[in-house]
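Labels A, B, C, D and E are assigned to the chains in the order they are written; within every chain, residues are numbered from 1.
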Amino acid sequence: MSMNLEREKATLPLSESADAKSPILPKILLGITIVLILTAIYLTFMYADIEKTMGVVQKIFYFHVGSAATAFTAFFVTFIFSILYLVKRKRIFDTYASVSAEIGLIFTTLVLTTGPIWAKSAWNTWWVWEPRLTTTLILWFIYMAYMMIRQMDGVWDKKARLCAVFGIIGFTDVPIVFFAIRWWQTKFHPIVFGNGVSQKGGGIADNMLVALIVSIFALLSLYTYLLNRGVEFENMKIKVDQYKEKLREDLEN
Amino acid sequence: MIEIKKLTKQADNKLILRGIDLSIEKGETVAILGPNGAGKSTLLKVLATLIKPSSGLVKINGLDLKKNHLEIKKLFGYLPHSSLLYDHYSPLENLVFFGKLYGVTNAEERAIELVKEVGLSFFLNEPVKNFSRGMIQRIAIARSIVHEPELLLLDEPHTGLDQGAISILNNVILSMKAKGTTTLMVTHDFKQAAEICDRIIIIKNGKLVDDFKLEDRALNLVSEKYQLQVEGVS
Amino acid sequence: MIKTAFLLAKKDLYSELKTKQVLTTMIIFAGLVILVFSFAFDPANNTTKAVIPGVIWVIVVFSGILGLNRSFLSEQRNDTMQGLLIAPMDASSIYLGKFLANFTMMLVVELVSIPFLFLLFDFKIIGSIPYFILIMFIGSFGFISIGTFLAALAANSKSSEMLLPLLLFPVTSPILIGVVQATRIILTNMEKFSSALAWIQLVSAYDVIFFVLCFLLIEYVLEV
Amino acid sequence: MIEIKKLTKQADNKLILRGIDLSIEKGETVAILGPNGAGKSTLLKVLATLIKPSSGLVKINGLDLKKNHLEIKKLFGYLPHSSLLYDHYSPLENLVFFGKLYGVTNAEERAIELVKEVGLSFFLNEPVKNFSRGMIQRIAIARSIVHEPELLLLDEPHTGLDQGAISILNNVILSMKAKGTTTLMVTHDFKQAAEICDRIIIIKNGKLVDDFKLEDRALNLVSEKYQLQVEGVS
Amino acid sequence: MIKTAFLLAKKDLYSELKTKQVLTTMIIFAGLVILVFSFAFDPANNTTKAVIPGVIWVIVVFSGILGLNRSFLSEQRNDTMQGLLIAPMDASSIYLGKFLANFTMMLVVELVSIPFLFLLFDFKIIGSIPYFILIMFIGSFGFISIGTFLAALAANSKSSEMLLPLLLFPVTSPILIGVVQATRIILTNMEKFSSALAWIQLVSAYDVIFFVLCFLLIEYVLEV
């Protein structure tokens, strides 16, 4: 008499690791990132002029704008990989989308912390409700919601599918954040590039521009590095789960 | 053990139970048969204090159902159609929780033992929500006997169980019977009824139409009487 | 496809007609929100008139969420959603049907509660009523079309009635910002009419984009 | 009718179906047996397009399950564990709704006829939510055959049915078989399986372990083979 | 009785600890309410600073409702509520257990969201913080104790998540009015402190009365 339900469900054949590429890539990325960040720090604090009205606090600008640009890029990557996932249904695309969204969320959080710090000194308040700031906050909430969908219970492919859908829907806010200061009249948040409704793009000194661009690239390469590591880590976790399942079944039989 | 007098239950204007008189001795194993919609589950729910009778008297172990709620609730184990399990909890967590609720002293051990008994020890720590129908039914059975009740109220306990689990369940009922437990079991499966029960009750249209003792697992007798009462008349 | 969608909408609306539960709840809820606000802002005070456009949309949002939640939650009992999924129709039919039912209910709620609000706050419309209706229409359209989609998405979760607002508020906030602004202008300050028109266009564009997007993506949401 | 090749289904890391090959001819009545948690319901769900297989090929009537959703959905009737009925609707309203959804032309008549067939005409206009388990199962059966499907997927259809309803159900299946309908039926009740099926499949641990034709309602053969496969090995 | 109540509360909180769903949702929802209010009513306007005490309680009310709903809705799957009802304990244990779980979660949500609110609306507290905490405590206590009771009552309905707000708002409005007044005074205008004290006493009295009442009546609500 079988008194016990058997439990000999085989595990899947462990998928070949995706990192057939040489492990040199992350090291190179790390190198580039470190160099760029050091340069950016140098440029920010030594090379670029100190802004006349705001003083040293303005240095936060490079980090602020760089984080925002990185966050936008990250969400765009999520957007692209979400579409790819829906079409191709490969787990790797989902991993990329989710890791990228997570990093994007971190950078948005950075924008949302550096912003108020700057605002405290520039506008003498932590926060005002104006389009750029509001839409940025909305952006943060959207990707928080994305994370909540990920937290849902259920098998991974269901979550991946729903997240991909939401990743596509949610991305629409990114252009809105970008254009917020250009469409609406803003009393507070400055525009540097392009023209807004009520004000002209201010433009900045050349040496500031150089520092800004380098900062942006530094943060972007940091993002790439983090993405690479994050995806690696996720893959590892998936693999460990598979091993664990297999091990447990070996023990049981 | 159970004493039912003139029990009626009406929902809105419909009489579901129409005057049931029944008395069951300690240690009996009683099967309740009857066609769909006869009122079998309703009767069990009344005994499990989940439905208030409209009129009539119900005494369990000499305690009045209306007054001695708490004492009675400790006495019985109830297995309804739904599993009464928390979906996101594992079998172990579920059983430990219910064990503690009933004041079982060594809840953890008892839970592990029960899960083993119903043959799911491999699934001890997996959330119940992914289980198949039969696996859920097994845990639900374990839940209903976690506090070693003196009275078992089982509503179609064999649903969804495979052959192995059916014999496990029958063994459990029989071994509890040996310890003096009384069992009331609603079922449509004459074979199982004949196998473990020593008394059969047939309910039809909210009334008790037959009540007889059974010996030697006389499956034929059951079918015969059922046919006579339920199909012969209609 | 349209026919199936109507059949589904009819089923929902018919069961609503029988029980009147969702609708009554939504309307009473709207009434309660109005009451709460009338406590919070003294309606006699003239400056508080400025909050009316906001209150209108708070009502739409919060009572809308109640209805949207119900819409897919009600398909969970006995797994009737599975019944719809195995029926020979496209996922978009389900979406369209649910959207129609929700939109109808939303409009009914607005029809009842907004006059009530105006009455209670003794509000005299000095702007254009047809435009006001237009704004209500496009605003609700956008809110409900996105809401129906996200309700379908959230329904996959164990605690969907909690997840829905989290998904819905951020995604619809551009619409809400737009319509609150437009409503404010239309109701109180017709001089800036051109700006209101710009808002209306913006919201309409957002509506259309999202409706199409939802229509295309719903297949992936309802896939099993 | 059905062509399954190397079908696997995995939920997260767990393989539920592990390579099933099966081909079923039009008009066959196939019983699927197996212990709890074997993967029987999962297999049926895959066929009912409710679960996407992880790999493998499934063809129904020559149509690929992945591509020809709509055509396939018209073909089959599916009866799962839950009833798929709207609680506050009456049997009539439920059946008419589903009838229309499937494009049945005279949905109303068909619904009334079906309710009568399952023996619930007295309850035609009462909301389903107050029904007993067996009554709900009867309506659920009616629902699954409202569009006269060519393929019936039944998951433990006999649960909760009384003797009368069981013979109604068996008759329905047999009369549909006479019209050429294919039936796949998951069950734990060997007696019913032997009674109406002409082929038995045994699934264990997500794999097909036995597949044989049945003649003359040979109940013994079924029990024997089942025991051999399921209990003998372990 | 207390032991069983703790057991029940532990079960709820433990399953919350595992998934963290309800809590995160409540907190994010609180943030979103802030957001919705920010674009419904222009916060730059200085007069709207006066609504902050109101907004605090709106947050408590709305995110509280989410948690309260969950609390009994989660017992509906597989009829686990029946499992509790046939267990040998008083109905009041169930009430107490659920109350403890809900109250704990509510406090956590407040602890996170209120500092946030102050930050976002750039609000400077000029009053007494200990008293503010006291008010938050008694207000939440009353709201959750009545809310738990009414959630149990609403859970009997098919669409309980809609019914709850309808029952809850009217019954708790005395508490809400009281605490909003008290909060306003404490936060902005300490001169009228004695009046705030009066409000606090009133609300406390209401709390006690209702807690006892709920405690006694719950038996009839949970009776089957």
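The criterion applied here is as follows: a contact is a pair of C-beta atoms (placed from the backbone, for glycine too) under 8 Å apart; a residue touches a chain by one contact, two chains touch by 3 or more.
Predicted model only: the values in this text are computed from it and were never measured.
Within the contact network of the assembly, the step distance from subunit A to subunit C comes to 1.
Remark: among chain pairs C-D and A-D, C-D carries the greater number of C-beta contacts. Rounded to a multiple of 5, the Cα-based rotation taking subunit B onto subunit D is 180 degrees.
Centroid to centroid, with C-alpha atoms defining each point, subunit A and subunit E lie 35 Å apart. Averaging Cα coordinates per chain places subunit C and subunit E 26 Å apart. In whole angstrom, the spacing between the mean C-alpha positions of subunit A and subunit B is 56. Shown for subunit A are the residues in touch with two or more other chains, namely 1-2, 4-6, 134, 138, 141, 144-145, 148, 153.
Counting only residues that touch two or more partner chains, subunit E has 19, 21, 25, 28, 32, 35, 39, 158. Within subunit B, residues 87-88, 135, 164 each touch two or more of the remaining chains. Chain contact summary for the complex, subunit D toward subunit A: residues 10-16, 18, 35-37, 52, 204-206, 230-231, 234.
The part of subunit C that touches subunit D in the complex is made up of residues 4, 7, 11, 15, 18-19, 77-80, 82-90, 223-224. Looking at the complex, you find that subunit E touches subunit C at residues 21-22, 25-26, 28-29, 32, 35-37, 39-41, 47, 51, 54, 58, 62, 66, 69-70, 73-74, 158-159, 161-163, 165-166, 169-170, 173, 177, 180.
The touching residues of subunit B, counted against subunit E in their complex, run 48-52, 70-71, 73-74, 76, 78, 80, 82-89, 97-98, 100-103, 143. Here subunit B touches subunit D in the complex through residues 11, 34-38, 41, 81, 130-135, 138, 156, 159-166, 188-191, 226-227, 230-231, going by the rule given at the top.
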